[in-house]
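To keep things simple, chains are lettered A, B, C and D as they appear, and every chain counts its residues starting from 1.
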Amino acid sequence: MTLWLMAGLLFTPLAWAVLTLLTDFSRGRLVSWVGILVQALVSLGLWLAVNRDGGFYYGLGGWDAPLGIELRVDGLAVTFVLLTAVVAGACGLHAGVYIDPDKPWHRYFWPLFWFLWSGLNAVWLGGDLFNLYVGLELISLSAVGLVALGGQAGALRASLRYLLAALLGSLAYLLGVALMYGQFGTLSIAGVATWLSDHPVPAGSGMALALMIAGLALKTALFPLHRWLPPAHGIAKSPVSALLSALVVKASFYIAARLWLELGQPLGSLAAAQLIGLLGSAAVVWGSWLACRQQRLKQVVAYSSVAQIGYLFLLFPLTFSVSETVSLQAQQGMTLQVISHALAKAAMFLAAGNLILSVGSNRIDALGGVSRFLPFSLFSFGLAGVSLMSLPPTGGFAAKWLLLQASLGSGQWWWVLVLLAGGLLSAAYVFRIYRASFLESSGTDQFFHPSRSLEVIPMILAILALGMGLVSDQVLSVMALPFAGEGAP
Amino acid sequence: MIRVVRLLILAVACLALTAALAASIWAIAGNPSPVNLPQLLSENLDRSGVEHPVTAVLLNFRSYDTLLEIGVLVIAGIAGISMAKTASLEDPELRTSDALLYALQRWFIPLMLVLAGYLLWAGADRPGGAFQAGAVLAATGVLMRLGGVPMEFLRPGLLLRLGLALGFMVFLLVAVASAIGGDAFLAYPPGMAKILIVVIESVLTLSIAMVLLALFVSAPVNDAEDPEEGSPS
Amino acid sequence: MTEWLLDGLLVAALLATAVAALLSRDLFRAVVVFIAFGLLMAVAWVRLEAPDIALAEAAIGGGLTGVLLLDAVSHLGSKWPREGRQRGGKQ
Amino acid sequence: MTSSLLYALAGTLLCGIGLFGMLWLSHLLRKLLAFNIMGSGVFLVLVGLPQNQGGPDPVPQALVLTGIVVAIAATALAVVLIRRYYHLSGLTTLDEEPAFREGGPE
């Protein structure tokens, strides 16, 4: 049963990419609804199966590592697979209504969407360094294609910038992989970690990890390498922006985190860990500050992503040379932050798309009076904002609470200041948009009313982000699941 | 002045990085490697269905990489044709009446087709394979295109999209067929590996050539564009 | 000894063409030098006992990428088609 | 030192040259050339380094073939984007904003 679920999980997005390539947008939408349903059921089934039986390695093609490619199906991976099913499914449903079906190039939206999804699954489950590279490229190229789809010069400029940054990041990662293979003779992360656990660290291999993490940091838009992100996320169509901010940047971060947790202790150094934490803190403060100063609605949300990504990188100092409990707290905090930010940011971009559709402008000062016409979307935006501000009982609060405990537990109190400053600044940019939308403008009230289904989807995501804090214990329990170390089941 | 300073800083940074990298490579080259993958590979080669180790790695041991890689290629193809101008595929500008090109075509095209076929066939036990054959096939197509041979099938219609996806589709179906039987995803049924690999390679060759050719031909661009969100349309 | 000489010359030529391709003033010439770089890479792959890659590199680096980039250079070198023309939103 | 290692070291130099080119040059096609040169450098390291100790190693050779396909896909996509960008804006670099779009603070 589990084997069929695995095959279904890998097969569905790729197969639907081909199917939707052969249809036009409207028929592709119907086909994609079926696909989203199938993929959601398969993801849920796999999550339940892993919850019941524990994780395992899945050797593709029947070959085990190091000769073949093994997928690592553990609690964290299936949680992210499920998260992807929820968020990408919601974005897909939203896009089906939001995107104009009459433009001929929009038929290519669905194949790119499904390729993106399959790349994400490949990354969450990946256990092979080179296979992760191919998965990353699958994600990057389909994301660039989605940003550029039918776009104007501005969109093309943003997507070219995105493409060049993504390619440079991938090459740095691949160079690291080359050094790893040259040193360890294997591409399996688990194989390298096992060998390192009872051998001294060979000279020169620290460089491999540094290159890989630097490349991934560029792809995750860690400060000061973040400048490509806001134009791309700001100018894409709203469902695409939601996908990019909620899931795509998390994919490269996830690989970096996995590498750090498996190999950071032997190959990393205290200075590197603190430096990455410092850059993450700078991202929190600088990203939030710039978000407060943007004139366009989606740019605010995009810069907020730069800030929220910064929190994730606190994982690096908080898991290096600390006690087991602190490290676990930091990992749990990171997991919750990924989940709650994915839900909240997807809700925020989708709601922002509705607001822009309604007022016909992407400027914040044009939002005046929209509160009377689109209270539902505005409320979703606000609920998501509450999660970003990390007020209880949201998932954002639970995440930052765990990070705070980890900082105090490890004696690295300085990260607490970052957590506080980030919360205050995010409150500032969310309230700024609220204020603008409650101001009554003197101009004529000409609002377009988007369809009900467009408004419901961000609301559901925002409520999920809000409720994440209440069920965080259940969510985090999958991380402690037993893991069958060797071989396929 | 500032430009010169920036240039210097960048040059020094790149040099330092290169030096650090070279130092690590020098250090790693002296370390023994704990796993001997080539040996493991040659021990398992007879179970893979092909004699040429690189083909065995690409289409059996690490076939998931290849599957996703074809996906990347298809994405590029999709993004390419999504920007193509439908009407311009018979662009008269692209026709050249160069005598040299004409002669080249007369002699080269059959030769290149034979070469592509040979590369595909050789892949099982010698260097060569789907990708090289596909690249040669695409180059042939480019040459024909430059010579003004009409290529109706490259219109962004159903046929082109079918061609783009064909190789990927067959690969995917083979991958899932064994999984339905209870085996792992991408596993070949025992005894069928060789024939399946040959089938996959043949369709991949066509699709790879098609994608590369489509990307070349789709370069004339489309005028129509979406208004940016929130701008008056 | 002659092998070392060959390798050394090849590496030097690779580096020289790489630098020349990036620094050449004329874009067209840069692409032509880049094609030469691709062909040298194919020779390097033969020296590394990787004939598969050599074949692919010759077909790609020397052939397709070259044609693709040359085509793009001639397109970008020509006059911007929209100058002095009405912007038509027609499909 | 073997000739494989020589090629791996040449690969690092190509990486350095390519990196410099990608960051310094502003014309988009030149950036693309630099990307391809850097890619070739990475591939040389990927094959040259493991072959330093044993004979030819088919695994990295297969990886490089995959990598070349990915690189040509990325290059072709970039060329299509660059051409369309030029077509719509008349620009060949990312240094300046296209004319008909107001700039915001970055």
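Definition applied: a contact is a pair of C-beta atoms (placed from the backbone, for glycine too) under 8 Å apart; a residue touches a chain by one contact, two chains touch by 3 or more.
Note that this is a predicted model, so its numbers are computed, not measured.
Between the chain pairs B-C and B-D, more C-beta pairs are in contact across B-D. Our note on geometry: chain B versus chain D, Cα centroid distance of 16 Å, whole angstroms.
Taking each chain's centre as the mean of its C-alpha atoms, chain A lies 36 Å from chain C. Between the CA-based centres of chain A and chain D the separation comes to 26 Å, rounded to the whole angstrom.
Among all residues of chain B, those that touch two or more other chains are 21, 25-26, 28-29, 33, 36-37, 41, 54, 62, 65, 69, 72, 75-76, 79, 83, 86, 131, 212, 215-216, 219, 222-225, 228.
Chain C has residues 52, 56, 60, 64, 68, 72, 75, 91 in contact with two or more other chains. Within chain D, contacts with two or more other chains are made by residues 8, 13, 15, 17-20, 45, 49-50, 52, 55-56, 59, 61-63, 65-66, 68, 70, 72-74, 76-77, 79, 81-84, 87-88, 101.
Contact between chains, using the touch rule, shows up for A-B, A-D, B-C, B-D, C-D. Residue ranges on chain C touching chain B, taken from their complex, read 51-52, 54-56, 59-60, 63-64, 67-68, 71-72, 75, 88-91.
Interface of chain A with chain D (complex): residues 130, 133-134, 137, 141, 144-145, 148, 152-154, 156-157, 159-161, 163-164, 167-168, 171, 174-175, 177-179, 181-182, 185, 227, 230-231, 290, 293-296, 299. The touching residues of chain C, when paired with chain D in their complex, are 3-4, 7-8, 11, 14-15, 18-19, 21-22, 27, 30-31, 34, 37, 41, 44-45, 47-50, 52-53, 56-57, 60-61, 64-65, 68-69, 72-73, 75-76, 80-83.
Across the complex, chain D meets chain B through its residues 1, 5, 8-9, 12-13, 15-17, 19-20, 23-24, 45, 49-50, 52-59, 61-63, 65-66, 68-70, 72-74, 76-77, 79-81, 83-84, 87-88, 101.
On the chain D side of its complex with chain C, the touching residues are 3-4, 6-7, 10, 13-14, 17-18, 20-21, 25, 27, 29-30, 32-34, 36-37, 40, 43-44, 47-48, 51, 55-56, 61-62, 64-65, 68, 72, 75-76, 79, 82-83, 86-88, 90, 92.
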